[in-house]
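Below you'll find the structures, each written out as structure tokens.
Below, chain A partners chain B and then partners chain C, in two separate complexes.
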Partner chain A sequence: MTIQQDHDARVVLLPTSRSIARPLIAWWEENSERRIGLSFIAPAILFLVLFVVFPVFEVFRLSMYVIDFTTDEERFVGIANYLRIFQDPRMGVIAWNTAIWTVFSLIGQFALGLAAALCINQNLPGMKVIRTILLLPYVVPVIVLALFWRWLLDGSFGVVSAMLQSVAVLPPNQSPLAMPDGAMVSVILANIWRGFPFVMISYWAALQAIPQEQYEAAAVDGASTWQQFRYVTLPHLTEVSKVMLILRFIWTITFFDIIWLISRGGPGSATEHWPIWIYQEAMGYFRFGTAAALGVILAGVMILVSAALITAFRRKDAR
Partner chain B sequence: MKNSQCLVTPAIWPRLRTGVFCLAFGAGLVQAAPSRAVEIEFWTNLTTASQANVIKKQIDSCTAEQPDLKVKFETVPFSAMYTRLITAMRNNSAPDIMNTIEGAVGFMQAKKGLVPLTDVVNALGKDDFIASYLSAVTKDGQIWGIPDWALHQSVWYRKDLFKEAGLSIPKSWDELLAAAKALNKPAKDGAAAQYGFAVPMNRSLVAPQTYFQVFYSAGGTIFDPATGAYVFDKHKDTAVKALDFMIKLYKEASPPASIEWSWAEYRTAFVKGVVAMTNEWGAVVQMAAEQNPSVMANFDVFPFPGPMPNKKPAASLGGGYYYILAKSTPEKTEASKKLLRCFYTPERVAERANSRPVFAIPATKSAFHSSTYQSNETVQRFKPQLEIIFNQVMPSWYRYGMEGGLHPLAGQIEATTFIGDAIQSAALGTITSEEAVNRIATQLTYQVELLSQ
Partner chain C sequence: MAPTLLSRIATYAVAALLVGFIGFPLFWMVISSLKPASELFVYPPSLLPSRISFEWYQSLWAESDALTLFKNSLIIGLSTTVICLAIGTSAAYALTRFDFPGKGLFMLGALLSYVFPAVVLFVSVFMIVNAIGLTGTLFGVILCHCILTFPFALWMLKSFFESIPRELDEAAWVDGASYLLTFTHIFLPLALPGIFSVAVFVFVLSWNEFLFASVLLTSGSMKTIPVGIAEFITSFDVRWGQIMAIGTLATLPVVVMFLFVQRFFLRGVISGAIKG
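Moving on to the complex of A and B:
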């Protein structure tokens, strides 16, 4: 902008400046509604920039640096942190554990959530109490849930372990948490138990929205209960399933607390998944650059899988 | 501004008024200067109410002697400590005083965030402290933490079961294994099975603690205690031998689930009679008092033996709680040092140790022998055991990575699971002991190189 002072030391805008400012002023005057709209969304944009855009950018930037934890000095290393991760012999095991954890947790949560939603959709006496009870795992703090599971699975005093020992599934004084496969099954079951109420409540809301007339029409046409479920209920649950699948996928693959509190990723590395790896790199070895690179890779996987799911949904809809 | 006003006011009364005001203001300044309060932040990792309350009470008592000092006291769980410290140090808001274990002392010192406390230790009387607790936090000729109380590991066992089986105190690994096997009892007539020895191996913290107890007893170290040089590679044979023995003890005398046991599980097992012996920090005493007091009369202790009979164990795995001072303003540092000096009367040190008796043992001789400590009911009850620990275990201990003095490696071992992973994998049979030790050595070498850069 060209600015000049006149003989009275007043600042004046030269014609060039005025010509630039004029369209802005005109836009300002003509778009009062847009201005109001912008002022409404400005706090949200500011919030997003501060708490989403900046941290994401910062993680991406850090992933290309090595940070000396004693001096906090940063050294640019390009993609070296990424190369180190892909050369790490643990990567295959941890990626496999992450996939098993995510896929089986989702299958369990959706199956149990749907079954529970169909149950609580019945107008039976005491259903309000049952609905509340079924929601409990979702509202109980994770630490309580983890300690509860550890106690259930304790090899000497746990109820579940004692039952399994009594039917010779486990040897005496053995716990599923002390066996690699048993530990993975245990943490997945705990996660299913923790996550199914969300699926249940979402499905239940969708079930409540299905017009009763459709069931009546199907019954008149001679449809069996299974056929009513297959051709009336399921199609109405498709949209909510798509949203939930993506949401629960993101929440499950990044869920750290429950595994860490129950098994710490063990025994061996049997239940060590990607978020535990990130945690150990950052808060154990203080290798913040590597931890950031692991975070970026995980975000990349989440974006790719979510995009693949959305594309598959769209293709199916198009057909 | 006020001074110039004092000089230029022309009329007598206004001048007088202003003069009176100036005098009052000046007097106020003179009085205000010394009463300027210093506020310091004080963190402790001791979240157990009984321990935290004693510290809080002593802060109140000591600040009564320093009226210009205000202390903001906070308990920070050990699990959140490194996260909180990193964040606080980045914000220049690290606590002025922190009560923590030696791993955090090494971490803070490596970050150049500590004030040396050699002068305070000398003023308190260096000889009064048990030497091993000072050497663990000594680096570059300076002492970076004041030992508060001792963490110690030894074997806790049931006297009645030993007597019943006709066993005497094991003096070697072979004798220990034989005693453990002799104490195994299968489940019978509704009674639960009894195991000879608990070998807890939870990958986070517990597996390294169990393993290094065995490794140290055989003379192995990560760093040379004399030179501070990295020597784990030279001790690989000892490391493999120690891991082989530990796994043998686990397979032949420990419950199978103990591969993932943490402190709560093995202590409960000992107190409830599921195991007859355990390598322990002394916390079983309080746990037995709460859960099964009748068994306490049969508790006894002996140092974890070395591999050879009639040869004392080289060392044990121990640790301690320390007070450290973060770098701050000279006023805060001076006030913090004064507060710490107040904390170190033998009675106050003893009071803090007595807030969790037997688990915590004073790290100063004067506090250990003080009437405050010795008159505690639990201390009196376990007097012979405490004498063994104080005289035989506490003088020669190491913390992993700090055998040659203060080193941040200890903090990394505690905050990660690479040692626990390797140990658990060897115990599960997915890798050999040699492979496990090689994995540990590779990671240790890498970390030591990184830290020395």
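Moving on to the complex of A and C:
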């Protein structure tokens, strides 16, 4: 929208309805900045309302309906979908799996991410190349990760399975993916592989922001390397840790692809977690109402835990 | 802090373990795709092939519809990038240059939608795409990928744009340039590197996306790379050589693109553009 067009608008408006038009024109010209700003952002607002805000309401609504997928018929059932979920014998197992998956993925990602960040933050030869290699999982497609994970763990020809078999951790020709606990460990390791670069690079950014003088001052005061880490480095990492913990928690508890593509939730239901359940209800049984209710419950847990974390951080700060 | 010898050794030791953990699976995929069949299936596996063989790539070319998969992924990825960046750039420009009512609310909404996970909205987005008749079309997937990437793109673009001095725009306005002219002739050239690196990330996200592509595209000629490869492993006859070859081919473009924009990516991380 150009200024030239604005002049045209006035020319057209003026002679027809002078008395009403004048304050309007005044508003139009006084608020040109707001107007232009709004016109630049209008497509984005439209997009977010239609395809993000509306789906959020829709998932709530659908969770109280039974939907016949062949006829698109919807029948209101109230909280029946929710009751059915809580009466499902699988719920306990799946909730437990979800907790294990989330907690151990996060522990692994944060531990490796911090270690890696401390390494690449050192001003040593070769660290730039190492940084690039460690960032690669950020862009490797999850499906490809799933492929080579399964290949490494293949019972007959997988190199990792072969190593585990040679030290008798695994029986011959056995894949960890065929054992309930082995499958869970495998998918969690895959998720650590994929998620830790994000933690690493965020910690690295925080480390880069620490003024060098603080280390020098600490060294002058006779602080050991450990003390410098404990009293200079760690305090600078608390803020980014809090933000990252919440983000990683949300993205881990809801991450579907890795488990689905590596183990499909198996063997049995050993690696079935909440997102897999949503997928199975929707695409396996076409029970979209139940799947929507599962989504709402997951979002609820996500919001509650995040709120609890934020409150805990606040309380600690207040002390 | 001058690192002592001990801390240097410790640093390299930890780095070597991490590089092994991250690098070995990738290395093994590439090596496996280059091993002749006689060496791929031996027990225990050999670390390096005795000779490099391209037979898996050849059989992939001859027997599978890999080319169609790449074409579909490219179309979807590029369309998603263009749509997402067109809406995102102008919105981020408005957010960093203008004041208007509801700006705070919009920012909050954008942040929440960035955090909000796809799998929660999976059912309703699927139903909506189905209701407007886009199931089984490339455009349906493009729309879903825009939904997934837009909040992320907007957030990154906004942070990049904040680092471009506002005074330049204001000088152009004072000189009588229109808002649109300022945007296209003053602002965009300066913002282009940032926009380009965000574009790469949007493309990579779309290229890698599995969930929506798999439920929306069931016909053979429409499948994307992740959907197509996923069927390779579920089929009864598991052809590891071909699978490792197509895995390598699917990873190569995104890794190369990432290497190109790594510098901007790291700068973005430092300035807080990539949250988390």
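Of note:
Just so we're on the same page, the second predicted complex is superposed on the first by the 272 of 319 C-alpha atoms of A that agree within 3 Å, B and C clash if a C-alpha of one lies under 4 Å from a C-alpha of the other, contacts with A are read in each partner's own complex, and residues count from 1 in each chain.
We take it that contacts are C-beta pairs under 8 Å (C-beta built on N, C-alpha and C of every residue); 3 or more make two chains touch, one makes a residue touch a chain.
Values in this document were obtained by computation on a predicted structure and should not be read as measured data.
When the two complexes are overlaid on chain A, chain B and chain C occupy overlapping space and clash. When the two structures are aligned on the shared chain, A:268 is found in touch with chain B, with no touch to chain C.
Counting the residues of chain A touched by each of chain B and chain C gives the higher count for C. Once the two complexes are overlaid on the shared chain, A:154 sits against chain B and chain C alike.
In the superposed model, A:73 lies in contact with neither chain B nor chain C. Of the two partner chains, neither chain B nor chain C is touched by A:317.
In the overlay built on the shared chain, the residue A:30 is in contact with neither chain B nor chain C. When the two complexes are overlaid on their common chain A, residue A:56 makes contact with chain C while staying clear of chain B.
Of the two partner chains placed by the overlay, only chain B lies in contact with A:178; chain C stays clear of it.
When the two complexes are overlaid on their common chain A, residue A:285 makes contact with chain B while staying clear of chain C. Mapped onto the common chain A, chain B and chain C collide along 74-82, the only clashing stretch among 2-10, 74-82 or 218-226. According to the touch criterion, the shared surface of chain A, contacted by chain B in one complex and chain C in the other, consists of residues 72, 154, 156-157, 283. Residues 1, 3-4, 7-8, 11-12, 14-15, 18-19, 21-23, 25-26, 28-29, 32, 40-45, 86-88, 90-91, 93-95, 97-101, 103, 106, 109-110, 113, 115-128, 131, 143, 146-147, 150-151, 154, 178-181, 183, 204, 207-208, 210-211, 215, 225-226, 229-230, 232-233, 240, 243-244, 247, 250-251, 254-255, 257-259, 262, 266, 269-270, 272, 274-276 of chain C are the ones that touch chain A when the two sit in their complex. Every residue of chain A that touches chain B in the complex is listed here, in rising order: 68-72, 154-157, 161, 171-175, 177-178, 180, 183, 263-269, 272, 280, 283-286.
Contact residues on chain A toward chain C in their complex (touch as defined above): 1-4, 33-38, 40-41, 43-45, 47-48, 51-56, 58-59, 62, 67, 72, 112, 115-116, 118-120, 122-124, 127, 130, 132-152, 154, 156-159, 162, 166, 193, 197-198, 201-202, 204-205, 208-209, 212, 215-216, 219, 225, 228, 243-244, 247-248, 250-251, 254-257, 261, 275, 278-279, 282-283, 288, 291-292, 295-296, 298-299, 302.
The residues of chain B lying in touch with chain A in their complex are 82-83, 86, 90, 110-112, 187, 192-193, 195, 201-204, 255-260, 265, 268-269, 272, 274, 408, 412, 415-417, 420-421, 424-425, 427-428, 430, 447, 451, 453.
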